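Read from first to last, the chains carry the letters A, B, C, D, E and F; within each, the first residue is number 1.
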Amino acid sequence: MKEYLLLLLGTALVNNVILVRFLGLCPFLGVSGKLETALGMGLATTFVLTLTSGATWVVEHALLQPLDMMHLRILTYILVIAAVVQFTEMAIQKASPVLHHTLGIYLPLITTNCAVLGTALLNLQQDNSLIQSLLYGAGSALGFTLVILLFAGLRERIALANVPAAFAGTPIALITAGLLSLAFMGFAGLPVR
Amino acid sequence: MSSTLAAGLRRRPGLLLGAFALGCSAMLGAGDLATREEIRQRQADDLRHALDQTLSAVPHDNNPAEDTIAVEDAGRSVTVYRARMAAEVNGVAFNWVSEAGYGGPITLTVGIGRDGRIASVRVLSHSETPGLGDKIDVRKSDWIRGFDGRGLDTGTRWGVRKDGGEFDQFAGATITPRAVVGAVHASLKFFAAHREHLLAAPAGAAAAAAQPGSPT
Amino acid sequence: MSEVRRVVRDGLWDNNVVFAQMLGMCPTLATTGSATNGLGMGLATTVVLVCSGVLVSLFRNVIAREVRIAIYVLLMSTVVTLVDMTMNAWLHELHKVLGLFIPLIVVNCAIMGRAESFASKRAPGMAALDGLMMGVGFTLALMVLGGVREAIGQGTLFADASMLLGEHFAFLELRLDGYRGVLLMILPPGGFLALGFLVAARQRMLARARARSEGAGAAMTAGT
Amino acid sequence: MTTWTPNRSPVAAPHVHGRANVPQVMRTVLLALLPATATGVWLFGWPALNTVLLAIAGCVAAEAAALAIGRRPVGHTLADGSAVVTGLILALCLPPWAPWWLALLGGVFAIVVGKQVFGGLGQNVLNPAMLARVALLVSFPLEMTAWVAPQPLFSAASPGLVEGLAITFGGGPLPDAVSSATALAPLKLGGDFAAGEALLALALGTVPGSLGETSALALLAGGALLVARRIVPWQIPAALLGTLAVLAALFNQIDPAHYPGPLLHLLGGSAMMCAFFIATDPVGAPVTPLGRAIFGAGIGALIYVIRTWGGYPEGVAFAVLLMNAATPLIDRLVRPRRYGRLRTGAPLPLAPKEDGR
Amino acid sequence: MTMILSVAVVAALGLGLGWLLGLASQWLGATTDPVVERLTEALPGSQCGQCGYPGCGQAAIALSKGEAPVTLCPPGGRVVAEKLAEILGTTFDPGNLPDRGPLLARVRTDYCIGCSRCIKSCPTDAILGATKQLHVVLEEACIGCGACAEVCPTGGIDLEGIPVTLRNWRWHKPGVGHA
Amino acid sequence: MKIFRFRGGIHPEGNKDPTACHPIARLPLPKRLYIPLQQHIGEPAAPEVKVGDHVLKGQRLARHQGSVSAPVHAPTSGTVIAIGDHMAPHPSGLPVQTITLEPDGEERWVETEPAVDPFSLTRAEVAARVRDAGIVGLGGAAFPAAVKLDAGNRHPIDTLIINGGECEPYLTCDDRLMREGAGYVVEGVRLIANGLGAKRTVIAIEDNKPEALEAMRVAAAAHPGISVLRVPSRYPMGSEKQLVTTVTGREIPAGKLSAEIGVSVHNVGTALAVCRAVRFGKPLVSRVVTVGGGAIRNPRNVVVPIGTPAADLVEFCGGFTVTPTRVLMGGPMMGQVLPGLEAPVVKGTSGIIALTAAEAHAASERACLHCGRCVDVCPVGLVPLELAARVRAGRIDDAAELGMGDCLSCGCCAYVCPAHLPLAHLFNYAKGEIAARREAQRKAEETRKLAEARRLRLAAEAAAKAARRPARTTEKAETES
């Protein structure tokens, strides 16, 4: 139990997908202008990431490894991820059209959110069990959501600041992300694995 | 592709997707055929290279990469490469994964002599910070050679200086060396626990039943 | 401006994947701890961009709208897997360093973006050129970013070029002796900070250029 | 009769103002930092004074340069004194015998990356001094953890003025003889926690450590001034120190051999400095009393976690930055109830019960 | 053997997922876009056509597709543009949108020839008058869209700002000069 | 009696002593009086006199129009010499419709109808007398008092609160009024209580006015229904919402009137005016004005005919000792700058304050430190710094969502702001902008209706035309055949 908790914390904080692993930066920079949207994106990603972590594990261990078809790994992973995302998108569209519109082009982009594929591959690299994979996915997603929320909060405030023209927009967002990443280095070395 | 076929496919997206999947997997299969042997060769090179480095101090006349046994330890299987002179096992090498370093687990190849002392240790893969944690890499620093000749019985205080041990942490980085020292220590304990089994003379070729595994 | 020139300009500067479009941020930041890594990643991505562009362009008349994204993804993952396998076979050391991020080329938004917005509408030749230019622009951006980070971070440039790319690249290696390096720049925060400052510098350049051209325009209208 | 020409641009009320203004706030903070600074310089000698001056110089110069480049009013803005405060706080967090470039670079980083790219005072969110501290710690771990044992000014072991300059500007590593572990070292090593006598040393500051952070009493005196003058809200230090103490006491109860008691946590390291001078920097702190309490408690908890289990010796800077980052969220979630409205923002029902809302 | 197997697996996967996606797109169907509704709501609804679309409804559809900028509505000015941007979740660049404030049409009595073209052009019936007689503008109904000024053959209709009185005077933004 | 605490608030320097210690003086009749037709909230009054008419003191010059309005009376006898634009006592300096009166110096009253027994009047009669006397809230808001009395008929009032808080610095007119005219004030209070049918009456006076408290206690001692309550001096105690909370512990729900929770609040000056109107039938033609501030040579309270230019008051008080930075109408916390000394005193003018630079503690604006002092002092519970940042950035709608509309404009936030941000000014601007947007929205809805009506009309015309056309063709066919 403690091991699983540490796994969750470790992926969420210590090896944060965004700030340490550099995965999922497109939505991180793209959908963090407003807190509400960031929350929506975070939740959608959480859902997708957890599901795909499990699904890719199953595909890997039930299909690819027994059949010795490692060369199809990327392709099958991407297909599985695309399918999960597609269904999430439809679910959101049905449940909350407004959220769907605000998340706009980013929902399909979860497919190309490297955090999703990256987490699946990391799971493989670390030889995680199914439960570990699911936790790893959930932890990554929680870390993603936490950081994107913090970042959205910061950006909302910076949007009101008197940022010099050269830094306005993307540069200040990147710098803020860098400073946030600096702060997250404080979690480094926590014995989570 | 004739235009009628194309038009037909356009109307049936499922089929179209299937067709593309077919094409893609064919290409991948071809690519796999073309590179599989080469990649296997590279990995074998990697392994041989690692074993060369870690077992160079152990006199042997066999090819350790092809003389392996699988040892069960705490629920996982460790592939152990053995260096033999004639029938006697003079040393073994195996991969050992550390606790998390700064950037995740560090994979070591540990060579241990018959006497239970470290022959040599090399880092196989890591994702530590360049310029800081990567000094565990022998190409960057000689630090890793500091384990040579040490064993559980040499009175070594296993730990980094900061924790009261005798191994240097390098400037500012404690976590990485701590993980490596811990892993080497653990690998020695593993050796000690399975000493008899590891050093037992192989009964002919029976011990080489296990495939030369791919290093992870 | 001819289309070719525009495509070249777009890829290298006006619409640069990293500095203007802010796409492909993950590899941009993750693999630019050194200039060599940036170069390797950039080249791998360029290959994928060109190949996938050509493939998408070839099949642009066959692909139905509903499944186009799925097909693009299929094509791209095929190309990426091939690149991955090839690098593993023949650029083994670099492959080990770039590791996870080679498969992740497949989810580089830039590639999907070019497929969707350019390759799916143009002839293969143009798509290839666009892919090449976008790729070169990407590579240059990664090299600059990697170079800045490496130089400030540890006082070297293309430090491991010979090891990762092969012996002929040894000439690239530079080392600043006696410089301790600001480690921060090689760490994750440094990536964000360096890119932030580089984009800021580009914005300032653009603003200056705009001000100049406006000034020139105003002078012209004043003259007439 | 003296005449009056009306100003044609309409100005809104109020037409009188309280006496508070930004430069005066900054002056008070500087005054409150004086005991700790003086203690630090006294304990660690001339090199410490050099460090203080260099960090302040770095901040002020960077601020002036950034303002000039951005074509903003240099003199007027510098006069607010915030750059000096940032520089001093940074200096107090540095090892006392830091090389010249460390203090200077830190000051420049704090002002340029931590403050001016956001548009200057009040526009940033993350504490500039702590950003610089963390950036330095990450970049130059060796120099940032080179502690010296206190050698009071004019004592035999204390370096003279010239010697001090050599230490600051000379470069090269410190002689082994003077380097020492900080008071927080036992946290990582386990066992051998400070006893009564050692705690007294922590309170007075006669232990190795950051320039201005060793003397809990000097910091407490300055902090008391700030709280009394209402320059800083009391909720932040109270919640911060309280949480830290409670957590330390809790774990100490569970396993005294591994976890030191609350006093070491409160008096050692940067906790006291953080509680009164760093966490209370209004720019990155929430604006409501409850928000401030949450903020302080969060910092306290993070300090404990990072100190006890983390890879870095001191968690204060990281804890402050992390909670700074959470401040916009806290401010958003914790807003005061508006007059005549429920917490939800809906108007109160017309017949409120007498017993309250 | 592996080759055939892998082809089969991927083909099966592709087929299966393609079929699912096709099914899903049917299941989804085309629902009315609530965003278009909100956009229509936010637009003035005078159908004056200054945006270049036949009416506010069409403008809303164009906006939702991203074909029109949020600054498309001159009578709506900055306020409407902000609202549209908010609905669409975008930001807008006020640079090319001078906020001129509300305007009123005023008929210059000495120019009016009583042709009544302005009456027909007015989207809100804010102009009164009969053929061959002087026309007047109802201030309360006029939206300042300028449609009448465009059709007036003598150029006798001006758009003027609403005069400032004590009742509609507002505080200026501090630091931005005063109104 | 229990006192409840309201949120926030500040303790500004009172500066009341220079004027509080002098008895109220009487201003000699000015040469000209400028009587604006709008001195109250609501519709302006409609003039009833012509240029050249001779009027008597107390004669109605203009009648009220609309439900929320008040008539205007002649402050003295004299001749109407102009009806037209004159500078309004308003920061904009815009002109307002004004009757200019040249006094004849005789001060001849029009015939008044004193009530024999004012306490036997019905509620409606009281309200009518108050309305006819042109009484508006004299605390500064200038809301027609009769409308508030009428509200008492729609909502049962259990508590009448008389606002003797006078929390604004410098102002002492209510203080002096209570000291010198406690009897009349109490009688006015009783009349209002009578008119409202209030069960209990509380006269709330801040504890920095001990003499006034004592005087009122003595005057009210004979009336058990009236209690005089000593409330702490804390700005904005005099604000209706805060006073209601302090006295009753209840909050007025957002968007509601105090009458809806059974409370009515009137100023002590209003009470005095009600007494004069109901008992003596005399309309509101003069008021007590505090002339103060560091730049005034002899600061004091003065009884002033409505319409007196500020210049006359300043001159009467010895003129300026130094050039003031600002001359205000009302107190320094919520008063308005005067656009010029020719602007006249109106019914809502509680003071003419000439401030020196030193008194204002003015300092140049700096960046917001996010210190949150504005949040601590806001009596409404707003977060002024966030509002200000949004208003600055032009995000008015966001500010509205954060509660901009609830702002009292009390100025506490701006008073304490160490960065000297013009918070209250920003909020005034934002509220104006919100009002303008609401107006635009209303107009847009109107437009939509008109456009729809036009579309229907055009459709109907087209249909009629279409209906006519076939008829005509058949007709034509018939004639041809």
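Just so we're on the same page, contacts are C-beta pairs under 8 Å (C-beta built on N, C-alpha and C of every residue); 3 or more make two chains touch, one makes a residue touch a chain.
Listed by chain with UniProt protein names: A = Ion-translocating oxidoreductase complex subunit A; E = Ion-translocating oxidoreductase complex subunit B.
Not measured: the values here are computed from a predicted model.
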Would you mind checking the shortest number of contact hops between subunit B and subunit F?
2
Going by the contact definition up top, give me the pair of chains with the most C-beta pairs touching.
D-F
Compare the CA centroid of subunit D with every other chain's and tell me the farthest one.
E
Just the number, please: Cα centre separation of subunit C and subunit F in whole Å.
66
Between the Cα centroids of subunit C and subunit D the separation in whole angstrom comes to 41
Mind checking the centre-to-centre distance between subunit D and subunit E? Centres are C-alpha means, answer in whole Å.
52
Sequence positions of subunit D contacting 2 or more other chains:
10, 12, 113, 117, 120, 123, 135, 138, 140-141, 311
What parts of subunit B, by residue number, touch at least two of the other chains?
13-14, 16-17, 20-21, 24-25, 28-29, 31-32, 102, 132, 172, 174-175
Which subunit A residues touch at least two other chains?
20, 71-72, 75, 79, 82, 162, 167, 171-172, 175, 179, 182, 185, 188-189, 191
Quick check on the complex: what are the subunit B residues that touch subunit A?
24-25, 28-29, 31-32, 99-100, 102-105, 174-175, 216
Going by the contact rule set out above, which residues of subunit E touch subunit D in the complex?
171-172, 174, 178
What residues of subunit A sit close enough to touch subunit E in their complex?
33-34, 37, 63, 67-69, 71-72, 75-76, 79, 82-83, 86-87, 90, 93, 97-98, 101-102, 104
Applying the document's contact rule, which stretches of subunit C touch subunit B when the two form their complex?
33-34, 59, 61-64, 66-67, 70-71, 74-75, 77-78, 81-82, 85-86, 88-90, 92, 96, 99, 153-154, 163, 181, 183, 186-187
Could you pull out which subunit F residues touch subunit E in their complex?
38, 88, 90, 92, 94, 96, 391, 394-395, 397, 422, 425-426, 428-429, 431-433, 435-437, 440, 443-444, 446-448, 450-451, 453-455, 457
